[in-house]
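Please find the structures below.
In what comes next, chain A is part of two complexes: it sits with chain B in the first one and with chain C in the second one.
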Partner chain A sequence: MASPDPSPASELTAFFHAHRNTPVSIEFHPPHTPLLTSGPHIAIPKTHLLAAFPAAYHTFSTLHPTTTPWSASDARALLDATLILILVAAEHTTAVNTRRRILQLELSEDVVTPREEMALLQGVLTSHLAKHNKSPSLWGYRQWIVERCGVGVLGDGGLVGELEVVRRSGEAHPRNYYAWSYARFIVDKFYSCGDGSPCPGNDAPPPPPPPLLRELVESHAALCRTHVSDTSFWSFLLFLFWRARESTSSGDDCGYIFSITKDAAIYAHDMARGHESVWIFIRTVIVDEKLQLKDAERQELIGMVEGWVQEAETAGNEDEELVIEKEALRWISRRSTTASETPLAAEK
Partner chain B sequence: MKVYYIGVFRRDPEPTFELCSQTDLSSFGYFQQTPVSEFMSLFARAIAESKDLTPRQEVAEQSYVFYVYKRSEGIVSVVITDQEYPKQVAHKLLSQVSDDFLTTYTRAKWSQAGKLPLPVLGEYIVKYQDPKQADSMLRIQQELDETKIVLHKTIESVLERGEKIDNLVARSEGLSSSSKMFYTQAKKQNSCCVIT
Partner chain C sequence: MTPPILQTSAHVKYIQTLDTHSDRLDYHLTTHLRLSGVYWGLTALHLLRHPTALPRPATIAFVLSCQHPSGGFGASPAHDPHLLYTLSAIQILATVDALDALDADKTVRYIAARQTPDGCFTGDEWGEKDTRFIYCALNALSLLRRLDAVDVDAAMAYVMRCRNPDGGFGMAPQAESHAGQIFTCLGALRIGGALERLMSQDQINVLGDWLCERQLPSGGLNGRPEKLEDVCYSWLGVGGLALVGHEGLEEVDPVLICSFLRCDGGEAG
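Let's turn to the complex of A and B:
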């Protein structure tokens, strides 16, 4: 007697069970196309996902309301069900919170481990899914796991691995505020106090030490060049500049802040023209006193841009880049004027 | 910013044929990469064989830009990028690829041949992802006269006799049946409510 066809929900569950602890890649495909799997890759037709939803919701609504802690089997069933709910709706807060509660039960490794959840989240957050990459619930859940378990939960990837997750998510979904907010959190986790406490039930060694801040700044600046229209990449570079200035590393005068900013301006002017994101970054660096640019450096940057603007106006070149550069100069001038009019400046 | 595709087509003698190509589709989902690759070749070929093709052309289509360089020798180079990619670097890449191909193969060879490998495309598709790094590789070239570059807002605007993309897809022999089905279903999906 032939066994019945697996249900849509069980097909999805079987795939994710087969790839526990492995970041998978998930795609949503048009309706009435086949469910495809290949290694850790799955393409789920939207009709299939919809067909899986009723069973998942039935399990969730049956098991979720309870006053007693869930058994291991109930917890596993809830994890399977909530995953489908989250795939249908990235902001299903109750589903995400259910997974949090299950983690807090600290059940056996057969049920779930924090590292397994991190791997699952990595797959969801870096896949090409329109809503999941930029989900505050999912990024918030990832942050909660790290806060609860310490940076030991990151495994061999450490800080560099986490920033790679953010980069991939940011590329899949540009201007990804929540991904880059998580990046700020994780940088502060490593460069502030970085506890490295072991993960519950996990004897793995703590993650590798983070790179020098300068190395991090320079590698991210190179990334920004290939994401000129994504203000989130540039804002994070600015954040790294602030961290570098606050760092207590000896002998580092952070001269690279000026050189990176100058290179960015030249790059924007010569090659990647017409992107406001770059100029918002440049103008902010110029006026931000926390970054402690020398007066000569500040004047060099402003003089360089003024020269370009003058050259373009003389040549009658009125393209978008000229407009953006002129606006950057006006903004710098306004901020400089405002600063000089403050009572503190007047006392000087 | 991304370079997705670099290719060289034979246009003269007809029929237009993709002699060599290289893609970087890592920014697409795993299962989307094969149909996307097929569609990029299809559209690049359709532009390369268009009747009124000018020496330098840019064709925008949704979030993509097709840069095209027709050489008098009879080949056409095509580079497909996203809209963020600097156009002057894309045009320089086109010139570079054309020169490399014509230096490697004589007309006697490419006018009759099937596929002809150009290994340097594999190097270019990696290095040109960062235009600043790639720029140092470029040989000194004559400044491009941008007024001579013809701009098109859609692929359909360069197709022959008002042909629609749907027809181009349906009659294409270079597309697999699964890619055609994917295209048809995806188009229907655009008219429906999006669940996720």
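Let's turn to the complex of A and C:
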């Protein structure tokens, strides 16, 4: 007698079981197309996911409200079910929390390990899934695992590997707010306390030490030029500037903050015209006292832009870049002349 | 050109039918946010001047069925509690004048327990911090008239630490400025009675500049530079400008109003 066709849920579960500890790539395909897999890549038709949902929902509804610790088999069933629920709805808080509770049980490796969850999350967060790769729930879950286990859970990739995950997620979903928020968390995790605490149930060695902060700044600045319209990339560069200034181990006057900002302005003017994101970054660097630009540096930047504006107006070259540069100068001048930190109530 | 007309009855009917499809798969696909969905639908009905379009007793009963033993509310019965849904629960009960149905002390204890030593709030027991959750907590406590249950000054100080030199606010200190976060931070400062006490005119001006730059030629607003405009961020951006009493708000471009109406779903509601 022939075996019955596998259910939609079991087909998905089989794929993810076959690729545990491997970051998979997931796509959603149009309805009524076939389920496709190739190595760690899966294309799930929307209709297939919806067909898998009822079984997953039933398992979840039956098992998750229990107040007693789950057995290994129930935990595994819940992990399979909650993954489908999360694929349907990234912000399914209770499904994500159920996975946290299972990790807390510290069951055997056959059930799940923190590193396996990190690999699964990496796959989901870097896939082209519009809701998932920007999900605060899923990025928050990744952060929770690192906070609970320490940076040892990151394995050989360390900080650079994590920032690569963020970059890929940011490319899959531009202006990815929660990905770059996680990037700030993970940078601070490495540069503030050198946390190398071991991960429960994992004997792997701690991750490699992070690069020098200056190297991180410069490599990210290069990335910004290839993602010039992505305000989150530029905002993270500003964050790294702050960290560089605050760092007692930088050992230099951070003159590269000025040179990187100047290069960004020249790049925007010459090569990548009309991008508001760059100029919001540049004008903020110019006025931000925390960055401690020298007056001469500040004046050089402003003078350079004033020269461009004058040149463009004289030549009659009125384009979006001219508008943005003029607005940046106006914004800077307003900050310089009206700056007062006196709260409104105190003025009355 | 004849201006578009708001299809009120279609919108009311659409909202009313949302809870009548429990035999359909798509109903269960939104279980994880149901309580907030009820709040959004109920608020829309009130704005459309159909406040009784949803049955009041059933609405109250559903809200209370979402309460967790900890005092917080989940999105649906047996879902984990979270400040997002706890706020929605309180907002719904306030809207239908049923706050007396709530064990307020229990809910207040849940909310107060979410505050961290630095003044921020976590969304739930699992520790995710975000200025959104400060707004949720203070909004909820304000409706219950229980702001005394938390350290409001510490929350205000935390919000101000989330102010960026570009004028905006982010989800945490030194996070990216974002129109949604700006709305929640300003909302928190207003509820805490601290906006004028802690923000200078220049800080309000640079914030206003940042928000005004969100308006695109279509009239709609986006949430951050070089993003597309949408109805959600149009509301949040204008809301933010209103919270700081921005001088230019009275001159809101009328095209903006039409951009909302162009999102009308027609006969489907």
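By definition in this document, the second predicted complex is superposed on the first by the 338 of 348 C-alpha atoms of A that agree within 3 Å, B and C clash if a C-alpha of one lies under 4 Å from a C-alpha of the other, contacts with A are read in each partner's own complex, and residues count from 1 in each chain.
Operating definition for what follows: contacts are C-beta pairs under 8 Å (C-beta built on N, C-alpha and C of every residue); 3 or more make two chains touch, one makes a residue touch a chain.
Predicted model, so just to flag it, every value in this text is computed and none were measured.
Engineer: Superpose on chain A as described above, then tell me if chain B and chain C fit or clash.
Structural biologist: With chain A as the common anchor, chain B and chain C both fit in the superposed model.
Engineer: Which partner does A:229 reach: the first (chain B), the second (chain C), both, or neither?
Structural biologist: Both partners, chain B and chain C.
Engineer: In the combined three-chain superposition, what is the angle centred on chain A between chain B and chain C, taking C-alpha centres, to the nearest 10 degrees?
Structural biologist: Result: 110 degrees at the vertex chain A.
Engineer: Answer with first, second, both or neither: which of chain B and chain C does A:147 touch in the superposed model?
Structural biologist: second
Engineer: So in the superposed three-chain picture, is A:79 touching just chain B, just chain C, both, or none of them (first/second/both/neither)?
Structural biologist: So A:79 meets neither chain B nor chain C here.
Engineer: Using the touch definition from the top, say if A:129 reaches chain B (first), chain C (second), both or neither.
Structural biologist: A:129 contacts chain B only, not chain C.
Engineer: For chain A, which side has the bigger count of touched residues, chain B or chain C?
Structural biologist: Chain A has more residues touched by C than by the other partner.
Engineer: Just chain B (first), just chain C (second), both, or neither: which does A:50 touch?
Structural biologist: both
Engineer: Examine A:181 and indicate which partner it touches, taking first as chain B and second as chain C; both and neither are also allowed.
Structural biologist: In the superposition, A:181 contacts chain C only.
Engineer: Quick one: is A:28 in contact with chain B, with chain C, with both, or with neither? Answer first, second, both or neither.
Structural biologist: Once the two structures are laid over each other on A, A:28 reaches chain B alone.
Engineer: Look at A:88 in the shared chain and tell me whether it touches chain B only, chain C only, both, or neither; answer first, second, both or neither.
Structural biologist: Both partners.
Engineer: Just chain B (first), just chain C (second), both, or neither: which does A:332 touch?
Structural biologist: After superposing on A, A:332 lies clear of both chain B and chain C.
Engineer: With both complexes overlaid on chain A, what's the closest CA-to-CA approach of chain B to chain C, in Å?
Structural biologist: 8
Engineer: Which chain A residues contact chain B in one complex and chain C in the other?
Structural biologist: In chain A, residues 50, 88-89, 229, 275 are touched by chain B and also by chain C.
Engineer: What part of chain A is in contact with chain C in the complex they form?
Structural biologist: 50, 53-54, 57, 61, 64-65, 85, 88-89, 91-95, 97, 100, 136, 140, 143-144, 147, 175, 177, 180-181, 184, 229-232, 235-236, 239, 242, 275-277, 280, 283-284, 287-288, 290, 331, 334-335, 338-347
Engineer: Residues of chain A touching chain B in their complex?
Structural biologist: Listed in rising order, the residues are 25, 27-33, 36, 38, 41, 43, 46, 49-50, 87-90, 127-132, 171-172, 222, 225-229, 267, 271-273, 275.
Engineer: Where on chain B is chain A touching in the complex?
Structural biologist: 1, 27-32, 84, 86, 88-89, 129-132, 135, 181-182, 185-186, 188-189, 192, 194-196
Engineer: Show which residues of chain C lie in contact with chain A when the two form their complex.
Structural biologist: Within the complex, chain C touches chain A at residues 25, 28-30, 32-33, 74-75, 78-80, 82, 124, 126-128, 130, 164-166, 171-172, 174-178, 195-206, 209, 213, 224-227.
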